[in-house]
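In the two complexes below, chain A is the common chain; its partner is chain B in one and chain C in the other.
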Partner chain A sequence: MRTKLASFAGKAVVVLLLGFILLPALVVAVVAFNQASLISFPPQELSLRWFVRALTYRDFQKGFYNSVIVMCATAVVSVVIGGTFAYVIDRYTFAGKKLLEAVLSSSLVIPYFTIGIGFLIFTSQIGLHRTYAVIVLTHVVLVLPFVLRSVYVSLRGLDQRLELAAAGLGASPWQVLVTITLPLMTPGLFAGVLFAAILSFNEFTASIFITAQGTQTLPVAMYNYVREYADPSMAALSVIFFVLTTVLLVLMNMSLGLGKVLAIVERE
Partner chain B sequence: MVMTKRPFFIWFVTPAVVLALFYMFGLASVLELSFRKFIPGSLEVGEWTFSNLEYVARPLFRAVFTDTALICLLTAAFTLLVGYPIAYALVRTKSSALRAAILIIAVTPLFTGEITRTYSWLVVMGNAGFVNAVLMGLGLVSKPVQLMFTKFAVVVVLVHFTLPIMIIILATALSQIDPAYEKAAQSLGAGPVRSFATVTLPLSGPGLIAGITTCFAWTFSAFATPQLIGGGQVNMIGNLVYQVGIASFNFPVAAVLSLAGVLFTMVLVGLMRLALSPLERIPTR
Partner chain C sequence: MTKVSSTVRVDKVVKRFGAHTALHETTLTIESGSFMALLGPSGCGKSTLLNMIAGFLSPTSGSIYFDGTDVTQVPPYRRRVGMVFQNYALFPHMTVAQNLAYGLKMQRVARATIESEVRRILDVIKLARFADRYPRQLSGGQQQRVAIGRAVIINPHVLLLDEPLSALDKNLRANMQVEIKDIQARLGITTVFVTHDQSEALSLADRLAVMSEGRVRQLASPAEIYEKPANAFVASFLGDITRLDAVVDTHRGDEIRLKTEDGFVVVPKEKLAGSRPGDRCNVFIRPEDIFITPTVEEASITGQVQMYVYQGSHVDLYVANPSAQEGTLLLRLSDTGAAQKWPVGSRIGLGYRAGKVHVFGEEHAQ
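Here is the complex of A and B:
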């Protein structure tokens, strides 16, 4: 009896807490589909006008365009750097390995605004001031710990005897890498690309320091919008963000197992 | 032959080294600028100086530092309370579909970005927002409760913000505890609550420490949340750095503040580790 009661109470608590996590997303969806031009409850009339407005607003379009450019570049660059470096961590020992690993994972604990302002200052000194390159560079630093982890997980699980067998049959190191190792790393690389893409597309705190009017990413444009206007266009955009992110996470969960990849923060 | 033993070493390590160098240069320029003189109205900086350091000690800035520490502490503590049951459910749920659902709900906020989430909370907690509509609809209050621009609201949103990190860390720690221990305690007559409190909870000690300290450091980065939810009434270090750096172009002082922010987090996290270290001394297998 006591066991049952405790187990039921436990479940109720978990459901309530999950409700707390979902609450803002649900509430914002209600607002987004509501006709009224000010946020109001309960909703009166169903309408898609805020989605139309959000999708046709010039700053959002430009922000979206910038975000996509930055996201693609960040995903490619970070998966190249993360992929090669994860391979190095897994296979080689060398002086300074721990240090290099610590440096490239440190963005998990250093405030993003510190990193943002650091890159702002540094890049203006070397004449790259507020270009796409700076945003991509910063985003790569921020997403790399996540990419590293996902590639590393798939390398750990790789049976190295397959590589030895290929080498024993006369394959050159290059051939082994391209025909054996790389295909086996695919799930990790895929998860890495998704991580990088999602995090880059949503990044705000460092971006606000390093973007200019012409290069502002979508989250920065959204921030500027919230400060100016109170209509539910932002709600519509938020719904799109929530849905896209959830879909991508479900995909990632199916490809590699989200739980395995996310063990990342454990080492802090 | 060295070449065949490490065929790709140089090619594969170079990109990482180059990125690390760029990153270090970025952080180093924060350090450098901290000791440069600010020339009003100019983006150029002057000669070396220590005078920026005294900004950190000004009452206004000191107040923001203490507020930030308080908000981070409260956030870490409440995140632990909310995150623990979810992490526990995540690890102990038997159905894998249910587990996947809990995991995805739990981590989605980590990936939807600070702006989207903060805006959503604005809609929940604003004067014409969801909470007030419910309260007034039920006749519990006659006029909207002021939730926005309070530390309470900022902490609620930050708890939501750090929850995924806490859940991931706790679930990792909990998944390493063999459920057989709990079963053993129960077969010896302990109720579910007692077996949890005397067996599982102490065994998850290292996870608790890692969770609290990481969430603390993570909250330190908050910018959009205090900016939009706090609306200038509640300021954290990130807001101060932005105001000083971007709004008044005083990069040297912004640099000092963010440097102080990094050191401040490190010291506080270190102290917290020390204070929580008894939790680490638990009987292991």
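Here is the complex of A and C:
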């Protein structure tokens, strides 16, 4: 009887915690269905008009398009750079290695605000300040520590004797990389891509500075909207955001098993 | 696709890591098709030597030849050596068949040939039903066999095994030893086997190199190493043995009398040629070459019975004696009733087969 009570209490705590975390999202979701043009809770009448507005509003469409471009570019660039650095850091010793690691992870300790302004000033000097390039560049700097970490962890778990065995069997260094190292690095690389994509898509603080009218990403577009209008289209957009991400993660879990991909669960 | 396997010659090879010499100058030859074991404790240089034959380490000086061709500068992926690691190192993201096929794929062998070779090797290692399984679905012994199969399928110049059986339990080990020997003999591949387990080395090798501290102490057949150890290290490393500290007393005709702390040992003079009275030496006797004398008085060595350890087929008897290493002599008796005749604590006389005794001067130690 005592055990049952304890486990019930444990479960209750977990449920309450999760509920606390999800509560803002739930409130927003409910608000999105409000008929009225005010953000009010609880809503008086229900309607889907704000979803329609969210999906058809030109700035949101452009914002989504920009965010996707930036996200894809960021994911690819950061995984290539982060993956390569992770490999070098894992396999080689050289002078200044610690310094390198610190510099690569420095965006963790510098406020994104500062990074944003910094890149804005820098790219203005060279005329790149209204392009996608500056946004991708900034996002890569921001997500790099996470990508680096996740690839590095997966590399550490890679038994180097596998590579020696492959070499002994006749695989050239390039063949070892392609047939052994990279395939076994995929969990880390994939997790890195995921991190990079999600962080980039949601990125706001630095993006505010480096995006221009034509290149503004979705979070920036939403911010600009909210400064002028106080209607629930924001809420509707958030719900779409939320649902899309969830669907994506569910699909990934079904096809790849997110637990294994993120190296949380042991590969059986 | 069968080919005569290579003769491997290690010529004056030295390996230094900074100030530390892992392998002192070593020269040896492994004949084509033969099975050589490198035996020794941790740090003796056996794995270093193996890795240099494989090409994973470069010698600091010296050369390595496969069939007369100098391969010292050749990178491992061009040497065609089959290496079996202690943890098997099977590719976890490939099936058994894919693991086996890997080496041939890297050599760009035709697909049809690869398939038939894989099937052939699967039969040799008796895992035909497991072709499409993944390594994690196999037991330790099965993974071992896949590792060996993967190494031999490429027709290597030499098969290298780095303590491949140490992860297995005793019964499985014994079975795998037989299997390895069988595969090796059938395929006739030159093999170098590294181990710290001397019974394994004795049972598998055609020739055995006993190593310690970066040097080969003796290179000979297992029988010769066991029966005619060249020095104190080899004598004590292989098998159980008793060591007695002694001093040369007198030469008497064909024999030398060696004085121990409380007795003496008489051995043929060839055992310690060139010795003079007063030289310190060590006497080594195998437990099966010591016996209990009918009476205590007639014995030149005596001791007090300490402990009997029943071993099933025989009994190990530990006898206290001040000249012995750690104060204890070891006898192996087939008479399992010995404990009743000579109970613990009783004083017994010990005899020995003088012809089987090994004596080394104390300078020879290490």
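The definition used in the following text is that the second predicted complex is superposed on the first by the 223 of 268 C-alpha atoms of A that agree within 3 Å, B and C clash if a C-alpha of one lies under 4 Å from a C-alpha of the other, contacts with A are read in each partner's own complex, and residues count from 1 in each chain.
Going forward, a residue touches a chain if its C-beta (ideal position, glycine included) is under 8 Å from a C-beta of that chain, and two chains touch if they have at least 3 such contacts.
None of these values were measured; they are calculated from a predicted model.
Q: After superposition on the shared chain, which partner residues are touched by A:143: those of chain B (first), chain C (second), both, or neither?
A: Once the two structures are laid over each other on A, A:143 reaches no partner at all.
Q: Is A:246 touching the first partner chain B, the second partner chain C, both, or neither of them?
A: After superposing on A, A:246 lies in contact with chain B but is clear of chain C.
Q: Once the structures are superposed on A, label A:75 by its partner contacts, choosing first (chain B), second (chain C), both or neither.
A: Neither: A:75 stays clear of chain B and chain C.
Q: Who touches more of chain A, chain B or chain C?
A: B
Q: Which partner does A:159 contact after superposing on A: first (chain B), second (chain C), both, neither?
A: second
Q: Given the touch rule stated above, what does A:125 touch, chain B (first), chain C (second), both, or neither?
A: In the superposition, A:125 touches chain B alone.
Q: Looking at A:170, would you say it contacts chain B, chain C, both, or neither? Reply first, second, both or neither.
A: second
Q: Under the contact rule defined above, give the chain A residues that sit at the interface with chain B and also at the interface with chain C.
A: 173, 268
Q: Going by the contact rule set out above, which residues of chain A touch chain B in the complex?
A: Listed in rising order, the residues are 2-3, 6-7, 10-11, 13-14, 17-18, 20-25, 27-28, 30-31, 38-42, 80-81, 84-85, 87-88, 92, 94, 100, 103-104, 107-115, 117-125, 137, 140-141, 144, 173-174, 177, 198-199, 201-205, 208-209, 219, 222-223, 226-227, 234-235, 237-238, 241-242, 245-246, 248-250, 253, 258-259, 262-266, 268.
Q: Enumerate the contact residues on chain A facing chain C in the complex.
A: 159, 161-162, 164-173, 175-176, 179-180, 183-184, 267-268
Q: Would you mind writing out the residues of chain B in touch with chain A in their complex?
A: Listed in rising order, the residues of chain B that touch chain A are 4, 6-9, 11-13, 15-17, 19-20, 22-30, 33, 43, 82, 85-86, 88-89, 100, 102-109, 111-117, 119-124, 126, 128-130, 133-134, 137, 160, 163, 165, 168-169, 171-173, 191-193, 210, 213-214, 217-218, 220-224, 228, 237-238, 241-242, 245-246, 251, 254-255, 258-259, 261-262, 265.
Q: Inside the complex, what are the residues of chain C that reach chain A?
A: Touching chain A: residues 54-56, 75-83, 85, 87, 89, 91-93, 102-103, 106-107, 136, 150-151, 154 of chain C.
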